[in-house]
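Should a chain be cited, it is by its letter among A, B, C and D, assigned in written order, with residues numbered from 1 in that chain.
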Amino acid sequence: MAPLRITVWNEFRHEQQNPDVRRIYPDGIHQAIADGLTQELGDRISVRCATLDQPDHGLTEDALAQTDVLFWWGHMAHGDVRDDVVDRIHQRCLAGMGLIALHSAHYSKIFTRLMGTSCSLRWREAGERERIWIVDPSHPIVNGLDCESFDLPHAEMYGEFFDIPQPESLVLLSWFQGGEVFRSGCTFKRGKGKIFYFRPGHETYPIYYHAKIRKILANSAVWAAPTGAVYHTDSRHIPEFDT
Amino acid sequence: MAPLRITVWNEFRHEQQNPDVRRIYPDGIHQAIADGLTQELGDRISVRCATLDQPDHGLTEDALAQTDVLFWWGHMAHGDVRDDVVDRIHQRCLAGMGLIALHSAHYSKIFTRLMGTSCSLRWREAGERERIWIVDPSHPIVNGLDCESFDLPHAEMYGEFFDIPQPESLVLLSWFQGGEVFRSGCTFKRGKGKIFYFRPGHETYPIYYHAKIRKILANSAVWAAPTGAVYHTDSRHIPEFDT
Amino acid sequence: MAPLRITVWNEFRHEQQNPDVRRIYPDGIHQAIADGLTQELGDRISVRCATLDQPDHGLTEDALAQTDVLFWWGHMAHGDVRDDVVDRIHQRCLAGMGLIALHSAHYSKIFTRLMGTSCSLRWREAGERERIWIVDPSHPIVNGLDCESFDLPHAEMYGEFFDIPQPESLVLLSWFQGGEVFRSGCTFKRGKGKIFYFRPGHETYPIYYHAKIRKILANSAVWAAPTGAVYHTDSRHIPEFDT
Amino acid sequence: MAPLRITVWNEFRHEQQNPDVRRIYPDGIHQAIADGLTQELGDRISVRCATLDQPDHGLTEDALAQTDVLFWWGHMAHGDVRDDVVDRIHQRCLAGMGLIALHSAHYSKIFTRLMGTSCSLRWREAGERERIWIVDPSHPIVNGLDCESFDLPHAEMYGEFFDIPQPESLVLLSWFQGGEVFRSGCTFKRGKGKIFYFRPGHETYPIYYHAKIRKILANSAVWAAPTGAVYHTDSRHIPEFDT
């Protein structure tokens, strides 16, 4: 079977501007994510990375055409992503490319466009404890996790109300030490594209090295791979009775 | 109880350009819809109409602020709707205004923006028979209908695949003489706004005079009325533990 | 409009066996719930109560035929509910009667039969704090709540994984001091019957006197009232083409 | 990877009593289904068959423990299936075994128990044409189908209202020549078990030899295979704070 073609996209600004972030992710968040995917999936995948400051943000027509699943990490520079590139990603999603929207990507142009809502939420940076509960235990995205929940000792808090459309599957719920809850793992479909929003991952914590986070990222790539039947993306005029 | 404030919006172009349409809807599709709502709901509602060629398309900030539920009929001139007005409608939907998207409004700017998909479909104009089946019989939108299905003797066909996100409730399914099926009554939520897509209603058939169609339109207005709890549309920074 | 006919059913054993419970609910949990409903809804409803030790558990064919919405509280004596009475309730639910399953009713015969799952969960009695978050802010069940969340200072904990089918709407999520989360307000439909599972309500805490709990109970009664179209509960043989 | 262990269960009565059915399915419907699965999936699966008149209906504790996915075909003898065997199948489903309920299995004890509803529907035997439309084109169950719809030239009609809970995914919709529509491919989850209801398959038509039907059956087996995280089927008392 041909390997699943994954592109990990990262804004890649925090790492260059903030030594604390660079210490955690010396080669960028994208590299840590790519390494985790490779560690879990080996030669079942081929991974490339792309970043905001590359030409076309590293997401040319051709690059997207060669991508089965796109991981997206952005935070401080959502506004710098070009609208025509967002159009292009949007079309590819509808045509079947999977999208894994990570953490602050809740506010990215591509995610809010696919959702149709504000995607706003509560947030707090207090390095508090997060406990992630599995509430859809037979979902492929939690395949092989040997637990009912697991803890991240220090996390940025995201809390409800999270303004998203009702997820198709609600896979993970977070508990925060400070009193909030959050729908942390949510699946959606738009056109033929499968979408997974996955909350963990603030740039100031080494979350993308966590074994269970890596397992979930790998599972989500496999789950979001293009599948299904032939279909048409354009409206189709049918001149005659077809029966 | 204060009356529900409804705005019926119509593109109002076909009626002015095509004598066949004007014969069916001499005062415009909007007036036929407004009359049906008044007939069903009387003084439980106050209805006003708005059309594309009015200033601000009849949808100023103030007009929208005074609207609880917005009906939308558009077809040939989706592209003429100003983007800033669409922004305004979008914000009002997320804040709780109901939206009833009628027939060819599947391709309107406001509906596709709320859905995040292409909203494409198959279509055919052959004046064929449509049979509408109720598949969520306890939904408030079909309240009081004394049937399992009902027929429209002549209709434009819309067929699957209809490229929308999975509806929250699938209320109505259409059967077409020529061999197609369609998800004809679908509910969604975006932010606090309730949305109902309702397929019937081509401009060349007197569909908005049909008793059961009028009943469904009235029910959908009542269902889509703003309800619920206080909530915040913006992201909220929570500086301290709250417990 | 004819008043909504509500039956509040209570097992009514704890109150008779345990003085601590009797101190909180001297006339039984059912009476506190009935009082709350009357306080909120006045003459829009008529309420009667029924308990396990009455003949037919107070739920004769006739009593159920006169019930639009049934509230159910049970805990220690689920097994004492007669199967033929459960059959009868089940049929009434499918035919359109609303059901509000409270707290430990997750394990009642009627609720597990409607769900088809074990309805098991984690639980702990530590009098800990529960915070209930609204995650579907435009749902009629949270109508008029002027908050994003509210606290119960002392509650029994119920935690995930809660083995239920995916809810139609997930309205409320609970956070618990001890580290758990729970889907505390969930809606379902079975046949024409609307079902609301609502977690709060242990017998050793005065939870059914809480203003917001009472508001939610009243809203849920209104939401669960029978609505919709005529439909057939039996399989129907259609001998001929119908077109 | 160890092969997926499939059990195809058939009531196997029509074939023995009715020469017309025997002519179409000389070795039983189960054998035709098993052959189709083997044709599509080869050594990725191991298939065994079981029938009603075997001891324990061929579904001993051990047989079920060795089954990853159970196909179920029953029609005239639903009442002859022993309740204790149904209990056993139910427990296995909740624990993660997939279930593919075929055609008239909508009325089987195991399916109605998992659904909690009557599962009633309209039906007609007129040998009419059925057209099956794909309405969730990226679902794994329609993987590789090179069409938007396909026809069965002669089928028994099943029509709405089909009294099931709202499916998690609605994958297929049927159009019938005589004027009805039907939700023909529906997924559900109960506990950890994935369930697919698939309408086609009356005993008097050679439907289980149809290439696209076989493709869908094979896809559904792969989709329904047990996956996911560890979880507990019993309620769990948690004595202490866990944080």
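By our rule, a residue touches a chain if its C-beta (ideal position, glycine included) is under 8 Å from a C-beta of that chain, and two chains touch if they have at least 3 such contacts.
Computed from a predicted structure; not experimentally measured.
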Chain copies touching (chain B, chain C) - same or different residues, decided at half shared: same
Cα superposition of chain A on its sequence copy chain B - rotation in ° rounded to nearest 5: 180
Pair joined by the larger number of C-beta contacts - B-D, A-D: A-D
Between chain A and chain D, centroid-to-centroid distance (C-alpha), Å: 33
Between chain D and chain B, distance of the C-alpha-averaged centres to the nearest whole Å: 37
Multi-partner residues of chain B (at least 2 other chains): 131, 134, 136-137, 148, 159, 161, 166, 168-169, 177, 179-180, 189, 191, 231-232, 243
Footprint of chain D on chain A - complex, ascending: 96, 129, 131, 134, 136-140, 142-148, 168-169, 177, 189, 191-194, 226-232, 243
Residue ranges of chain B in contact with chain D within the complex: 131, 133-137, 148-149, 159-162, 166, 169-170, 173-176, 179-181, 183
Touch list for chain B against partner chain A, complex: 94, 107, 113-118, 120-124, 126, 128, 157, 159, 161, 163, 165-166, 168, 177-180, 188-191, 231-243
